[in-house]
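Heads up, there are several structures right after this.
One chain, chain A, appears in both complexes that follow, with chain B as partner in the first and chain C in the second.
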Partner chain A sequence: MISLAGRDILHGWGRFLLTGVGLGLLIGVTLSMAGIYRGMVEDADVLLKNSGADLWVVQQGTLGPYAEPSSMYEDTYKGITGMQGVALAANITYLTMQVREGIRDVRAMVVGVVPGGPGEPGQPGYLIAGRHITASHYEAVADVKAGFALGDSITIRRNRFRIVGLSRRMVSSGGDPMVFIPLKDAQEAQFLKDNDALLQQRRRITDNPLFNRPGVPGLLEAVIASQTTNLYVNAVLVQLKPGYRPEVVAKNIHRWKQLQVYTQPQMRSILVDKLIATSAKQIGMFLVILSIVSAAIVAFIIYTMTMAKIREIAVLKLIGTKNRVIASMIMQQALGLGAIGFVVGKIIATLWAPYFPRYVLLEPGDAARGFIAIGG
Partner chain B sequence: MTKGIVIEGLKKRYGTGDTTVDALKGVDMQVAPGEVVGLVGPSGSGKSTLLKCLGAIIKPSSGRMRLGDEIIYDDQWKIPDLRALRRDKIGFVFQAPYLIPFLDVIDNVALLPMLAGERNSVARKRAVELLEALDVGHRAKAMPSQLSGGEQQRVAIARALVNRPPVILADEPTAPLDSERALAVIGILNEMASQYETAIIIVTHDEKIIPTFKRIYHIRDGRTHEEAGEGKSSRELIKNGK
Partner chain C sequence: MKFRTINKKVLRLLAVLVPLFLLFVYVALQSGPLAPVPVTVTVVEKKQISPVLFGIGSLEARYTYRIGSVASGRIKTLNVDGGDVVHAGQVLGEIDPVDLDEHLSAQLSGIKRSEATIMTTEALLHEARAKKEFAVGQAKRYELLQQARAASAESVEAKHQEAAIASASVSAAKAGVNAARQELASLKADYQGMVKQRHNLKLIAPVDGLVTSRAAEPGNTVLAGQTVIEMINPKYLWVDVRFDQLQTAGLKAGLSAQITLRSQSNRTFAGSIQRVEPLADRITEETLAKVVFTALPVPIPPVGELCEVTVLLSALPAVPVVPNASIHRVDGLIGVWTIEDSKLHFLTVQTGATDRTGNIQVLSGLKSGATVVVYSKSALHAGSRIKILKNNRKGIPL
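This part shows the complex of A and B:
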């Protein structure tokens, strides 16, 4: 028996192909939308993985450092380092802000890390170009998504930094590329005021008789120094020694240091279930609508194709063709259309994924589910 | 007459209550194998209804129909698979050829035996033989859109004949054709009827082909009346026409 569906497709292959390509564009958008959601979750995972931390120690009662502000003394890490099971502890600051390069500025998450500490928690993982930060001031490592090149000079607040290294897949949960700078510079950037504000602040303190006491030398200078320097960090990232359970060490730090401690699964839950939950729901809703629209369009295309052949179908029925054969012809064409649409959609989604500002993760499972949905 | 088609007291009623219409009020008809008869009558006389009943497309209300040695209807269908009946025992030729546009000529004809379970090669061989007999063998690989109207109608006749059905029902098969082509098509149907022992019923309004029938059934108000026709040959009519 000849393939009626195949013959019909070959007879009008141009129209069939164009319809398939059109459908493919729609499927491409749907797959991309699923990819954006997957990318957000993947970014959260990569953020945790690349931080190199087993535990996040943050201010008591906060969900910091990514979901809520967290502030703790910069010498806290010393006490944590001495605790049982802790291999390394490192201070870190996070601040999302505009980073300027020439006339353009880029929204980035500025991460303050201790210079010269590759391999320590919080440091950028592997670099794709350049080197790690070695100087105590004014060097930076940026994610390639920021669009900076090695040797570029960037401005963060009033200070200028030279790009010495480039990393990849180091983005915040919001998709902003990370820019790593020395911890001291980052602390300054978090609290730095403009010169007029500093002058105003010094004048206010000097005019305050409580601080400016002639009988207490050095008090005024100490107060001014405490108001214009930043001795705080957002979190301490902890790496554990082999054989120690994160939950046990976290419990000890919480008990003895009165700090909030999160393990990797807990931090992932904060990132995925709280931080990106609304965006994910938004995308999920859009994905559902797109899937329904795609299914409706596929159904409409099949209906139109069937109606266009209604005379041929009537003749086929009249000459004794079984309903099963006619239904199979329509089904095969629908599957053919779905296959073309799926292949085109997958190719298109793959081709345009790198041009999205956020990471788009096209998972084979999503593609397979999409294919089944279109075929069904 | 044991073969061909025999119709006795066939009735067809549409609707119920006040909207009842008796389209056929007791039709009697006999067509022998190899015979071509004409079925003529004004619009609304019941021609199409009769053809649909004969073709097992609609169910008659009562009466009896025999196809060959087999009773196919006796106040109810006696054949469980009407689709197979249409495929194997009845050939259809319509006013328009209604060829499948995405199949080439040979597969348009070979499709029926293929649907009946015949191997593709055997079905195509039979199709080619018929197409050659109908003088369109050279267009076997062409698509229907590449054929003239006359060629398309000959392919449609080949399709109707390919399963060697005992009866062919032709509904205005010459309507879109000019006189010469119309007579040629009737000539072909006559040849095929005698060659394959097929009973052919041709529904027509076409005055120019009516003289070719040896027997004509007039249908009026749902009843048939038989009369003898002139039985002129198509060739003779074409010659005279020129």
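This part shows the complex of A and C:
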């Protein structure tokens, strides 16, 4: 028995291939869209994983440090280090800002880490060039997505930092590349006012007769000095000793230190369910529409292909071919188109994924589901 | 003929489909979970490393003189301003003495009056002495007359009494002179005291130096102890530097240091650690130290300028050393990824000191000669497929 579908495809093989490629482009877009969503979730996961923390201790009653602002005294970590089950506690600050390099500026999340050593919570997990921060001031490790090169000098607020290392996949939940700088510099960048504001503040205090009293020499200087200290951090990252359950330690810290504590699943839920929820829904909606459109286009293609063969089908019917054979011919052609489309789509999605500004994660599972959907 | 056309068409179709399928397989293997992770590796060597301490501080004057009045008052004159060079003993300004000068002249008049009083009392003493001499002579003469029975006993006794009274008058006059002299001394001492007080209202430079600020103006009322002029000795400048306590092991006086001023970031100045402060900053968790310049920069940078200080410690004994980028944390353990028989293994290590260029000592867990992963394009797991790239990347990221 001859293959009707094969013969028909060979008859118009150019048109068949082009239709398959066109369908592939559409599938590629759909796969990319799913990849963008997966990438957002993956970014959140990577953010959590790379911070190297088992617990996040933040200001009481806040969803910090990623979803809400949180600030707490920098010596809080001392009390936490002493709690049972805590192996290591480290201060950290996060601040999303424009980082200047020469004439251009890059939106980045500036992370202030304790320059203790590799493996400390908050430090980038792995590098792709350079080294970790060794000095306690004015060195930075940047994510490669920020576009900085080793040895570049970047400006954060009033200080200049030298890029000593490059990391990869260290981004905020918004997709901004991270720039790691020593904690004390980051505190200054976050909590220190700009020079004009400082000057104005000093002038105001000096003009205030309450502080500038002739009878109390030194009061003014003391007040001004007390206004320019910055002893806050955004969060304390806690690593646990082996064998302790995060929930128990978190409960203890919450109970005795009066601070908000999040475990990894809780923090993930904040990031995924709260922080990126709207954009994820947006992309999800788009994905649904795209799937419907793709399904409609596939249906139309098969319909027009069948309509174009209406005479041939009529002849087949006249010579007594069974309906089942005709239907299977159309079905085989549709599957062939789907297979070509899927292969082209997957290739294209993979090739253009690195050029997206945000991370696009093409999961094999998604591709398989897509393949089954096309087949279905 | 027909068969051949179909065959040609099949070949054409396959010519497109087969490369497409191969590309698909390649793409599937090069991305996603099946793709090998590009890594660079290095061989662990035994090396000496010199840890470097890095701190920031500000340029400060070693000696700051805050000159103010010891008494409350209004400033009458100020002769200097910030930036002026002054010499030891130079009068920088003066507090208004109000009525002190008048008090002084009153005191001077009192002294003169007292001197006159002394003259008066001395004259009185002379008079009393003259009277006494006469009275004593008279008494002797009357005694002789009594022996010749020419005078009565009563008149002799009267003369004796007169002599005794005159003698007492002399003593009284002497005491008067003494009292007047004491009063003069007291008045003079008072006067001296007031002169000193008057002198004290002058603001005088204690040393040769540089005026750094002028905190009040003529006409301002200042309290006792309030600073009016601040000056420093520009020969003695040092850097008040703060080191993160995490890295201050080995910090001690006498170590040589390099100082970079914020205004001249491409120059370094030689210096040395004068002392490490016995008290650390509890709140900022920093150790404080003072660093002096070997030779002061010319011109003298402004006091308070931000400085970076780098201190080179002596080299540590040679132990296995790896780049700090190769240290990873896996499941709460610090270690390195080693490659044995082209397979990845995670080895837990104990790390030691680190130097400025990012080399870190491995105290235990790793032997020299082992191959460890330095950079990787993504996080590694046991069993990750890896592709080893050339090590010499000249800073180009993977």
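Just so it is clear, the second predicted complex is superposed on the first by the 368 of 376 C-alpha atoms of A that agree within 3 Å, B and C clash if a C-alpha of one lies under 4 Å from a C-alpha of the other, contacts with A are read in each partner's own complex, and residues count from 1 in each chain.
Just so we're on the same page, contacts are C-beta pairs under 8 Å (C-beta built on N, C-alpha and C of every residue); 3 or more make two chains touch, one makes a residue touch a chain.
For clarity, every value in this text was computed on a predicted model and none was experimentally measured.
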One more residue to check, A:217. First (chain B), second (chain C), both or neither?
second
Let me test your reading of the model: by the given contact rule, A:69 touches which partner, first (chain B), second (chain C), both or neither? neither
A:265 contacts which: chain B (first), chain C (second), both, neither?
neither
| request: Report for A:144: first if it touches chain B alone, second if chain C alone, otherwise both or neither. | output: second
For A:284, using the defined touch cut-off, is the partner it touches chain B, chain C, both, or neither? Pick first, second, both or neither.
neither
Practice item. Have a look at where A:316 lands relative to chain B and chain C in the superposition and call it first, second, both or neither. Key: first
(Q) Quick check for you: in the superposed arrangement, does A:10 touch first (chain B), second (chain C), both or neither? (A) both
Quick one: classify A:126 as touching chain B (first), chain C (second), both or neither.
-> second
The chain contacting more residues of chain A, comparing chain B with chain C, is C
Overlap of the chain B and chain C interfaces on chain A comprises residues 7, 10
In the complex, the residues of chain B that touch chain A are 55, 57, 83-88, 92, 98, 100-103, 107, 111-112, 114-116, 120, 143, 159
Given the complex, residues on chain C that touch chain A span 6, 9-10, 12-13, 16-17, 20-21, 23-24, 27-28, 30-33, 52, 54-56, 221, 223, 225-227, 243-244, 246-247, 265, 283-284, 308, 323-325, 327-329, 332, 334, 351, 354-358, 360, 374-380, 393, 395-398
Touching chain C in the complex, chain A uses residues 7, 9-10, 13, 17, 49, 52, 75, 87, 114-119, 125-132, 134-138, 144, 149-151, 160, 164-166, 168-169, 184, 214-215, 217, 231, 239-240, 242, 340, 343-344, 346-347, 350-351, 353, 362-364
Listed in rising order, the residues of chain A that touch chain B in the complex are 1-2, 4, 7-8, 10-12, 311-312, 315-322, 325
